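Below, subunit A partners subunit B and then partners subunit C, in two separate complexes.
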Partner chain A sequence: MSSRKKILLKVIILGDSGVGKTSLMNQYVNKKFSASYKATIGADFLTKEVLVDDRLVTMQLWDTAGQERFQSLGVAFYRGADCCVLVYDVNNAKSFDTLDSWRDEFLIQASPMDPEGFPFVVLGNKVDVGEDKRVISTKRAMAFCQAKGGIPYFETSAKEAVNVEQAFEVIARNALAQEESQDFNPDFPETIPINIGEQNQGCSC
Partner chain B sequence: MASTAGIEDASRDPPSPPSPTASFYDMSDDSEREYSTIRHSRSGKGVKLLYTKSKVYVHPTSSARDNVPGYIALMQQKPAAGDVTTPSTSPEPSARRAQRRSLLLAWVPESSLGEASSTYAKVESSTSPSPPQHSPLVPAPPVTTTHSSSLGTYAFSVPVSEVFSILVRPPNSGWWHGSVVINTRAGDSFPALFFHDSECQSTIEQRKRLQRENFSISSPEGSGGVFWGGDELIRWLKSYVHVERSAQEPSIYLIDPNDADKLSFGSGGKPTSHNVRNVLEGKHKDEPAMHKQGEDPVTKALKQARWSFLEKMAQVTTFTRRTAQAVAENKNLPPQVKRLMQSPQVQTVSDEFDSARLYLARWAMGIAEQSEKERNQRIWTAKDVLEMEETGVGEFEILDLDAQNISLADKRKPVSLQEWKGYFNASTGRLERTPDEVKERIFHGGLATDDGARKEAWLFLLGVYDWTSTKEERRAKMNSLRDEYIRLKGAWWERMVDEQGTLEEREWWKEQKMRIEKDVHRTDRHIPLFAGEDIPHPDPDSPFAEAGTNVHLEQMKDMLLTYNEYNRDLGYVQGMSDLLAPIYAIEQDDAVAFWGFVKFMERMERNFLRDQSGMRLQLLTLDQLCQLLDPKLYEHLQKLDSTNFFFFFRMLLVWFKREFSFEDILRLYETLWTDFLSANFHLFVAMAILEKHRNVIMEHLKGFDEVLKYVNELSGSIDLPSTLVRAEALFKRFQRVVEAIDRKSSFPAAPVARQRVPLPLPPPPATSPGVDGRPRQASAESGSGARRRSSSTAVAVTTGRERTVGDHVGAGVGAEKERVVTPELRALLSREVPKLDKVEVRAHGGGVGS
Partner chain C sequence: METLDNTEWDVVISGTGLPQSLLALALSRSGKKVLHIDHNDYYGGDEAAFSLTEAEGWARKHSNSTSEQSVFSKAAVRTLEVNDAVKSKLGTPRAYSFALAPQLIYTRSNLLQALVSSRTHSQLDFQAVGSWFAVVNDQNDPDAAPRLIRVPSGREDVFRDATLDLRAKRSLMRFIRFVGSYDEDGEREKWVQFREQPVHSCLRDQFSLPDAAIEALLALALPPYANIEPTMATVVPRVRQHLQSIGVFGAGFAAVLPKWGGLAEIAQVACRACAVGGGVYVLGKGITNATKSEVGVTLELSPGEKIKTQWLVGCSKDLPTSGSYTSDLKDNSGAIAKRVAVISSPLTSLFPPTSEGGPLPAGAVVVAKSATSPRATVQILAHSSESGECPTGQCVLYATSTGSDGLDVIDEAISSLLRSIGEEPVPDILWRMDYVQTSHDQSDNGLSVDGPIVTLPSLSIDAVYEDKLLNSTKEVWQMITGGSEGAFMKFEPREGIDEDEADDG
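So, the complex of A and B:
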């Protein structure tokens, strides 16, 4: 098997602005939380090496701006993603309501080979804030995830490092499974056999 | 020169030019007497400490906690009488051999120094470049020629005569410390000694000295790296023995190699997988027959090849699996190296190298940046500017910056409030200079930071006040602006309270308010003005209710909500808070700052459109600019799929707000607001940043993701003054190129094939009509003194969507020279600020409209 090949897992983190995408990523990679992250402009990523079932993989976590108008230039990053993390703020109903459109948008932009089977993970962040502020119940979030084909769901706090590690472990695992199912590697031009006649619909336009 | 019995004469000592006196008894100080009392004990109590360096560590385990700090030292012991007379098997003069034998290369842990530690410190701090004449004595560390597992945390010393080679790994082969490994003639390798240069006072001093003397701290060993402790070790050795850098393996220094060594080194024998494995696992011991002169040359070569191979890996690998594979398939790799690559151990190491590489690229740039900063301490001269351009961009011509009679230094002096006031008539308050004169002064010198000059001048630069206005007119204007601000503020306030408007509108307002709330609480909080949380939050439902707020944050929110009311077609968009903060920080009056912001936004609106057409246009323009000014870099970026220039998105969106310090941003913004050379000077600033890093990008970065990461992480490390000078030079160069092309194109045109410029961006969404965020007057060439247009006049009106070039200019230039001036590029010559008209904003703003 090609299992000794270096594995890079590309993970895209999406969600409304201010739900804590940057914080989650930094908590996971750097074990740090800062209340004063600036609003993300453009895109950035962090990498982390992890062992998944004693396979060493490199996770490349992409963080993007949350305001949706900035997504139109983000297409470039979505391509070749192995997993998409949808983040909302459990204290903000709007951010939960938009999860669906984030998911749809991702599927359109990234156009994965098998949209039905593409791995998503949903994170309900900021559970540290307190029950009185909370507007989205666990039950409601779980129902959503069930309806979308059983998306794994975690309630996290980037601030208090609650469930972050666990969530990203699942993200890594699902991304790896996705990566391996793609082993014929569509984004690897060198290995594509030359049968130009077969080139189907919208590839690199 | 006395030659005492048993000690050979120094005069017989062959080449090594800066050789010190070889005779041990050349000492003439007190230490000699002291020494002579213990001379009979070869491994006894006293050896001369010639050179030493502290903070050289042994890393016995992978945990940094176990690291053992110590001194590396070159020592000289008194040779035993027997040594000299022992018949030597080698044909070399016995004198040299004896001298080498008397030299010891040692490592001593700090903890075992005891009383000698002050002696070590003294010798270390000696700055003389030539070998010491008088060296103090220190206790001799145990002499050994092999290393056993117990070694590593205990002192040891090796006679230099027993050293076959030294493997030198400078710090730039990873982010690890530089290290050396001593390989003995018996085929042993001592544990690696790591130079923690950043802790080592003598190395720090030496670097400083190098920098003072040569403006460079690069390694004398020509590795291209920075001077480090290992360089010193080689220098010490060179002053006593013959040191030869292996031609085949530059990281290996052979110590007094004989002909056989030179011959056998790296030659012969086929590697076996057994050898390879041994090398990888460090099991030299298990190897069978050792050669008399050292280990199996194949093994040795492989062992030595390993690191250099990894170094090469470090230069070529990338985050993407693609390249790792490409390396493995590289035909030039010898088969044994290919096999090495398959090993899991090498894979692990190469992974580490991988992530080290970006770090390295940045670090290398940091060093360059530092030395540039130091140069900047001096006053700018035309020569400096020229030099910078030569190294940075290559083929720059002489700038005409100094053509005017004001010297550069004067031009770059900030405009003080006093100077500013002097521009105006004392009684009417009307400007008595041309606006251009004033703008030029501010463009080059900026405004003084500490006397309130900005508070005044910014309102002119932003366009709140007319340049031609009188004091009285300005007062009247400000009064009506204040009233208008209060009116607008009241309007959204009522809107909130009364829940006016359609459901959609109310939702939009709620959302916008939340967005502003969130963004203001994370905008420039490191600035004292915005840092405090000293008043309770007025809205208990805010997510920041617990944290508290301060009056300036609340003002920021009010101003942004007022802007949201004022420009409902666009509304508040992320990034705007970044643009408002500097203006508010300077004006510290909400109404004044608000109108300054409104004026600023007139030119920045296009960055925030829902369809992002304005950003696309600027990224496209940057693409074309790079293509024109630096085709080589452009070609490289093309290979990396990076010509969408997305990695400049952040810089362009908020005008480098996230890249520079707050102080620098004030200077940068006022420079850009002058529109002195171009209303799009920010694109030249972007180009200047790109050019500065072009070499790193071309040599080290191998993928879109790496470019993005690298550029993102420039934040906080960019030197503003030199960037502005560079940007200006780039603009001048651009101007000349355009002129040259225009001149050529005014000759009768030969038909030129339509050439496609690589499409850098996906076409805008189908919903967008032919607006593209392009300013209506972008093609007009006002200001800057009628540029020659000649035959290309007609083309400038084509839309930004037109990506076919060659029909504009190119004609007459010849097809091989693809220098063309697209309308986007030509627009860069304009000093007219690009502004959208209301209809466009309404169509693409993404707000709720009015």
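So, the complex of A and C:
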């Protein structure tokens, strides 16, 4: 059988429509930014291989595919997440106010074994827009993260690639720690690879 | 919340059951503007999966007789409360995911092929359904504990089986050969002659099979409407499907189950694929009225929104124009009794490894006959905790039976099964939900197209996923997109996305 399992980390990115979830992912994975806003069309998930303390891991980044617009994300989306990234727009107060309900929603749907210890990361995006437009101060955001058990906080610009790399480094590290904290059960039945084609023919009757 | 009022769409899909969700997946790369809604506030419709609390809420909603909006009735939940120790064995509500549609999927099914060719399979986990069992009551001694017998599931099993004598094995092998070739020239005459014959007499008289072997074959075939004697035409193709599915994705199993709650999981992944392609999703919104116009349909949605669409597609109960549907339901002949039961033991003897080096099964099938009314058969799909549907140390049984006394027969069958395992003390049922599902199957056997309004067939009550469902999806997809049959569900990797076919080794 296979010698060592590849480490796959599932990271899901939540937040209101238009805060820049897809742009952040795209900036991090593809180093691209597109100014035209389309409610997310494009990727089932983005993957990126990263080194965390000399260990090669594959990060799978899942965004909401627009299903957050009408609060219509299904439970399947949340399964097996190793880290949850909460994104708001520093120029949009409502997107900050809903962070808490996004966090609650995650904890209910994903129901992680240890909800207290589950890694979240908060990103305040669109800091490039300018101080005069900004409505949520760093202090206020930090206070929220502190109150929720010390969630790491970054202020980012997907447009100008500010802090994106740094944020995802922490996301990868915390996701890996979460993945490793889960008991590995050697008796766990393998899942069946249904894409192995027809090279094995069934019983010849 | 944003409003949908005055929006225009190419396709509105109503309901997020598996049939509608597969259409959504098929349309996900079509460039069509798709709105996908469901009057429920959850995904999956009649194929949904529920946590314990959600299941209790669902049961309350479906406790009365069949309503226009639902094929479910007489739902009731019972929690075992013998004492606190037993009660506390139930896990947290979210540790459970009960499937309304726990159908097993044979490895050669077109559904699995479509999930692979549409590149959605990597978002799903499938597990093996390993063994088939029969619970046998001692005819002579009603007090004796029922026995659990593993049904030989393929050729190798037949050779190894210790309960069949040499003559029976030879007869069985002869029958298996016939199963593999009944539609070929050499056997066609025989097949025409046997087709409509009842299974028991045909197998006994024409193939000299002993009763035990006949029951074993019936367990493999899992014929729907288990209280009616099936014909060879029903059973033979189903046995063939079973035999030909062994070994396709690995040694020792013929069928798989989707982890986390059956077909609900596939429906959700299909819906996400459509959302990724630009489809808009709104739960908790139904259609109150539909008016056909020259260019399509004008719809009224629940809180007074008006929208326009070229196509409206759904299963009959999700569409407002389905007057004929409910009248068909008055005839209760297609009613099937169902029980979901959480057992206080993992029942490990139901999930033995079925091959060396093969995957450990998370699913099993048990067929039990009633001791009191021998015609009544109960089909039980057992899911271990590895299916993600219950906490470790427990397992979930999905039992079904047709006929008017369905629930009584199920009661008897589950109790027989639990006693046949040989565990002391006999495991308890910690929690159970009973309900009656009315089959769409007899009245509503295909698609119906009424101009721009398309009614999809619903899933049948079969314990096995049937390929015909996806065939009707294909028909509708072709109607809407004009696409060629060969292009159905065949998608390229999305731009800028690396192929991530994980390691197959």
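The definition used in the following text is that the second predicted complex is superposed on the first by the 166 of 205 C-alpha atoms of A that agree within 3 Å, B and C clash if a C-alpha of one lies under 4 Å from a C-alpha of the other, contacts with A are read in each partner's own complex, and residues count from 1 in each chain.
Definition applied: a contact is a pair of C-beta atoms (placed from the backbone, for glycine too) under 8 Å apart; a residue touches a chain by one contact, two chains touch by 3 or more.
This structure is a prediction, so every number in the text was calculated from the model and none was measured.
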Subunit B versus subunit C as contact partner of A:111, first or second or both or neither: second
A:7 touches, of subunit B and subunit C: first, second, both or neither? first
Contacts of A:44 with subunit B and subunit C, given as first, second, both or neither: both
Which of subunit B and subunit C A:129 touches, first, second, both or neither: first
Which superposed partner A:30 touches (first subunit B, second subunit C, both, neither): second
Doubly contacted residues of subunit A, that is, touched by subunit B and again by subunit C: 6, 8, 38-39, 41-44, 47, 58, 60, 65-67, 69-70, 72, 75-76, 188, 190, 205
Residues on subunit B engaged by subunit A in the complex (per definition of touch): 319-322, 324-325, 342, 344, 347-348, 351, 355, 511, 514-515, 518-519, 522-523, 525-526, 543, 547, 573-575, 577-578, 608-612, 615-616, 641, 644, 646-647, 649-650, 653-654, 658, 704-705, 708-709, 712, 761-762, 765, 846
Subunit A partner contacts - residues on subunit C that touch it in the complex: 1-2, 42-43, 92, 94-95, 107-108, 112, 115-116, 119-123, 125-128, 154-155, 176-177, 179-180, 240, 243-250, 253-254, 256, 259-260, 264-265, 268-269, 271-273, 275-278, 280-283, 357, 359-362, 384, 386, 494-498, 500-505
Complex interface listing, subunit A residues touching subunit C: 1-2, 6, 8, 30, 38-44, 46-47, 58, 60, 65-67, 69-72, 74-77, 79, 108, 111, 187-196, 198, 200-205
Interface residues, subunit A side, partner subunit B - complex: 4-8, 17-18, 35-39, 41-45, 47, 49, 56, 58, 60, 65-67, 69-70, 72-73, 75-76, 91-92, 94, 129, 133, 188, 190, 205
